[in-house]
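Both of the next two complexes hold chain A, though its partner changes from chain B to chain C.
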Partner chain A sequence: MRWLSNATVAHLRRVAEWPDLGATKYRLLGELGRGGMGTVYLAEDVMLERRVALKVVATSAPAPEAAARMLREARILAGLEHPGIVPVHDAGALPDGRVFYAMKRVDGQRLDALAPTLPLPERLRIFRRICEAVAFAHARGVIHRDLKPENVMVGPFGEVLVMDWGVAKILSEPPPATGEGAAASGGGAAARPGGGVATAEGTVVGTADYMAPEQAEGAVERTGPPADIFALGGVLAFLLRPEGAAPRPLSAAVRKARATLPEDRYASAGELAADVTRYLEGQRVLAHAEGPLERAGRVFTRYRAAILLILGYLLVRTLLILFAGHP
Partner chain B sequence: MRDDTGIGGSADRFPETRSSAVLAAQSPDLLERERGLAILVETYWKPAYKYLRLRFGASNEDAKDLTQGFFARAIEKDFFDGYDPARGSFRTYLRTCLDRFAANERKAANRQKRSPGAALLSLDFDGAETELRREPASAERGAEDYFHDEFVRSLLALSIEKLREECLLRGKDLPYRLFERYELDRDGDQTISYDRLAEEFQIPVTQVTNFLAFARREFRRIVLEKLREITANDREFREEARSLLGVSS
Partner chain C sequence: MSKPVLGLVLGGILGIFDGLTAYFTPEARTMLLGIVIGSTIKGVVAGLAIGFFSKRVHSLPLGILFGLGVGLLLAFLVAAMPQPGGKHYYFEIMLPGAIVGAIVGYATQVWRGKSLSTA
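Let's look at the complex of A and B:
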């Protein structure tokens, strides 16, 4: 009998978990990543001859809840057609019974890995794109509830995609009965007769560092778009980290986004993005009460070229007058 | 009744093709009992031997005698009849029996020799020793985790052997050889490319991926079948499947 090293055992455990794509149009090419409820695989759609990402319910996940949640995630994504949200191509059940959905394969890097290598303006432009995608989802009644740099992909042509909508909340969907205690990140689903799944009151979903207070309390009904604004504030803070001491207007924007009370935060992801745009364009950031000196510095920075031109002109005129006045 | 949905097919998605060896080992039918015990010994003797070496610091000769003695006694004295699936997994039960057996043997300080009529099991202890030298137990893993690790290694090794046999029997030796080359002949996480495999085996890349997909599918089926064999009921089977396959990255 063949001897197996520890590395081979670990690999074979993953292989045994790999989905059975035998009767589908997909051919498995490898594994891209793992989460609590599902694993994402690289596959080829042999009909269309293109590579896709397949998200498949993990064997280790609780069967009916995980299947319902996966299907729900696929449906949410299918309803959110936006350049900043990964498009879903297909969904169904594999021959081994596990639910999957196929989505665009995103080449690129996760924001948490990429951000430290980028200059601040580029990071802020990426942040605005994230805000736009989130604002779009909010406009369609969907809250992400797990926004963090790890859930943002940046493609090779600068495309920004918000990923992992597995714990998203649909605002029109009433919550089920109170849950029996808190669950870890990604858990707390309750299956419904129609295949729907929502999070029970008292259940905590999300990631601690980016979680709004009301979300951390498991107050599912009170967790609305402001919870995503809070998380976006966390993402902005993350993007400012390479700066050491962040510019004060942006720190103020972070504070406003991460205010304890939802009503003290930005009213929308769009407003947060607008403040970041103001900073990029040298305008006053609304979240920041700037002093006269700060204002003068900002105005100078913003109109540096024009101010220098005028000053230069005035200097030349002065010199000409002085020289013209003396024979 | 379970609160299952129809999504993803029936929750009974795991294989049902083999009856449980754990239950067979408790059967009044002698042939069925022998079949069950043979499967349990085949799966657990090596983890038991290595566990005894680690947990009790037994010498290789002592561990051999204890392993032989344990399984011989289990067969003679119907150890496994006492297993109650409601009280935990069979794996844990077997390890507890092994602990008790080894402790009693040591306490008596006169290791009980096998009774004259007891069958001497044909077990490759030299092979187990070679494995121990190639992959020594990690100091960070406790004895219980080590037993589980070795159980997983044994189960996967048996599954690969079964895959090899089935592939040869069905004239699918090329898919097996591809599987062996791609999935088993690994150096850590280093993988050989599909292109290189295609060149090596002189077949198109599409055939490489198709054959590998077939072999992986069969491997998964065999692993789950073996797991079904060595568990007593559906709940235990699911828990073991999650424990075995739910590997976090």
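Let's look at the complex of A and C:
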């Protein structure tokens, strides 16, 4: 008798979990990634002849809660039509009852892998795009709650997409009943009538390194847009890591974004983006109190060409006047 | 304000100041008015040309280079004009004229007035 290798068994297990897309317009092409709640597959929309990413509830996930959360994620994404947020094309249920949704297949790299290869200005421009997407979501009453470089995709043409809105919170939702004790990270979903689902008070969702203090405490009620600002500060800090010693104005922006108290942070993602823009354009970063020398250096750097040209003109004119009449 | 208008205004103003510096050269002081008028016209023409260039080409180095070239060319034409004493001031006119052109080239490139809003 010949035994199958571990790798073969693992592969067979994975394939056995592949969803049956027979009754849908999708054809399975492969697996893209796995999360706690669902698995993302590469599929082809045979009607439109295009590739899509199909997120399907994991077989191991608790059925009603996971399905409700998946549907909620799809609905949130569908309501956030923005170039910086991955668009949802379709949603439905598989023959086995598992909920799925189809979204744009993003060819590109995750920000955590791409960032170290990019120069600082390019990283900051990507960061601004993330802020814009987050600001848009906040304006629509949605907070992401799990912003981190791993959840940002950068496409081959420079498109920046904020992904994984699985633990997003809708600010207008009424609070669910208080949960007893804290649940594990990523869980804590409370199924609600109408297919709605929200995170129970005391539940911690998100990623530790990017989590605001109020979010880490599981204070769902107090977790609002400032929690995303805190996470954006973490993303900015990550993007500054390849620099070693980060520029002081940007370090100040990170500190302000990651302030312990929500009221000490930037008032909005747009304000944080504006400070980063100021840095890129050689203007004063509002979060940073610069000294006179630092200001002079910044002004000189910003207007270097103009200052050198004017000094050059004055020098030439002075020399010509001084040497006029001297053969 | 559009880039050509900015070039025209800035070129004219810098032309006036550039012409006024002739006051510090005693032998040119008697021709100050003519120099200022000529310098202003040169600045206006150069500024207009540089402004139109900046409207089409969005590049700071190219803008400065173009300004330098136009300033140098027009200053050469002015310097080459017949002088009462027969002496030509190529160096004294062309060098500052070129730098003034470069300054206008810089200013029209970084200016984000009308050109950006209409883009």
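Quick notes
Here, the second predicted complex is superposed on the first by the 322 of 327 C-alpha atoms of A that agree within 3 Å, B and C clash if a C-alpha of one lies under 4 Å from a C-alpha of the other, contacts with A are read in each partner's own complex, and residues count from 1 in each chain.
The working rule: a residue touches a chain if its C-beta (ideal position, glycine included) is under 8 Å from a C-beta of that chain, and two chains touch if they have at least 3 such contacts.
Here the structure is a predicted model, which is why all the values come from computation and not from measurement.
Look at A:Leu71: by the touch rule set out above, it reaches chain B but stays clear of chain C. After overlaying the two complexes on the shared chain, residue contacts for A:Ala58 are found with chain B alone; chain C is out of touch. Applying the stated contact rule after C-alpha superposition, one finds that A:Trp18 touches chain B and leaves chain C untouched. Of the two partner chains, chain C is the only one touched by A:Arg317; chain B is not.
By the document's definition of touching, of the two partners only chain B reaches A:Ala93; chain C does not. Taking chain A as the reference, the larger set of touched residues comes from B, when chain B and chain C are compared. Look at A:Val142: by the touch rule set out above, it reaches neither chain B nor chain C. Of the two partner chains placed by superposition, only chain B is touched by A:Leu28; chain C is not. Contacts of A:Thr8 after superposition on the shared chain: chain B is touched, whereas chain C is not. Partner chain A is touched in their complex by these residues of chain C: 21, 24-27, 60, 64, 91-92, 95-96, 99-100, 102-103, 106-107, 110. Interface residues of chain B facing chain A in the complex, by the touch rule stated above, are 2-11, 13, 127, 130-131, 134-135, 149, 152-153, 156-158, 160-161, 183-184, 186, 188-189, 209-210, 213-214, 216-217, 219-220, 223-224, 241-242, 244-249. Within the complex formed with chain B, the chain A residues making contact are 1-18, 20-22, 27-29, 33-34, 44, 57-61, 63-64, 67-68, 70-71, 93, 96-99, 191, 193, 195. Looking at the complex, you find that chain A touches chain C at residues 305-306, 309-310, 312-313, 316-317, 320-321, 324-325.
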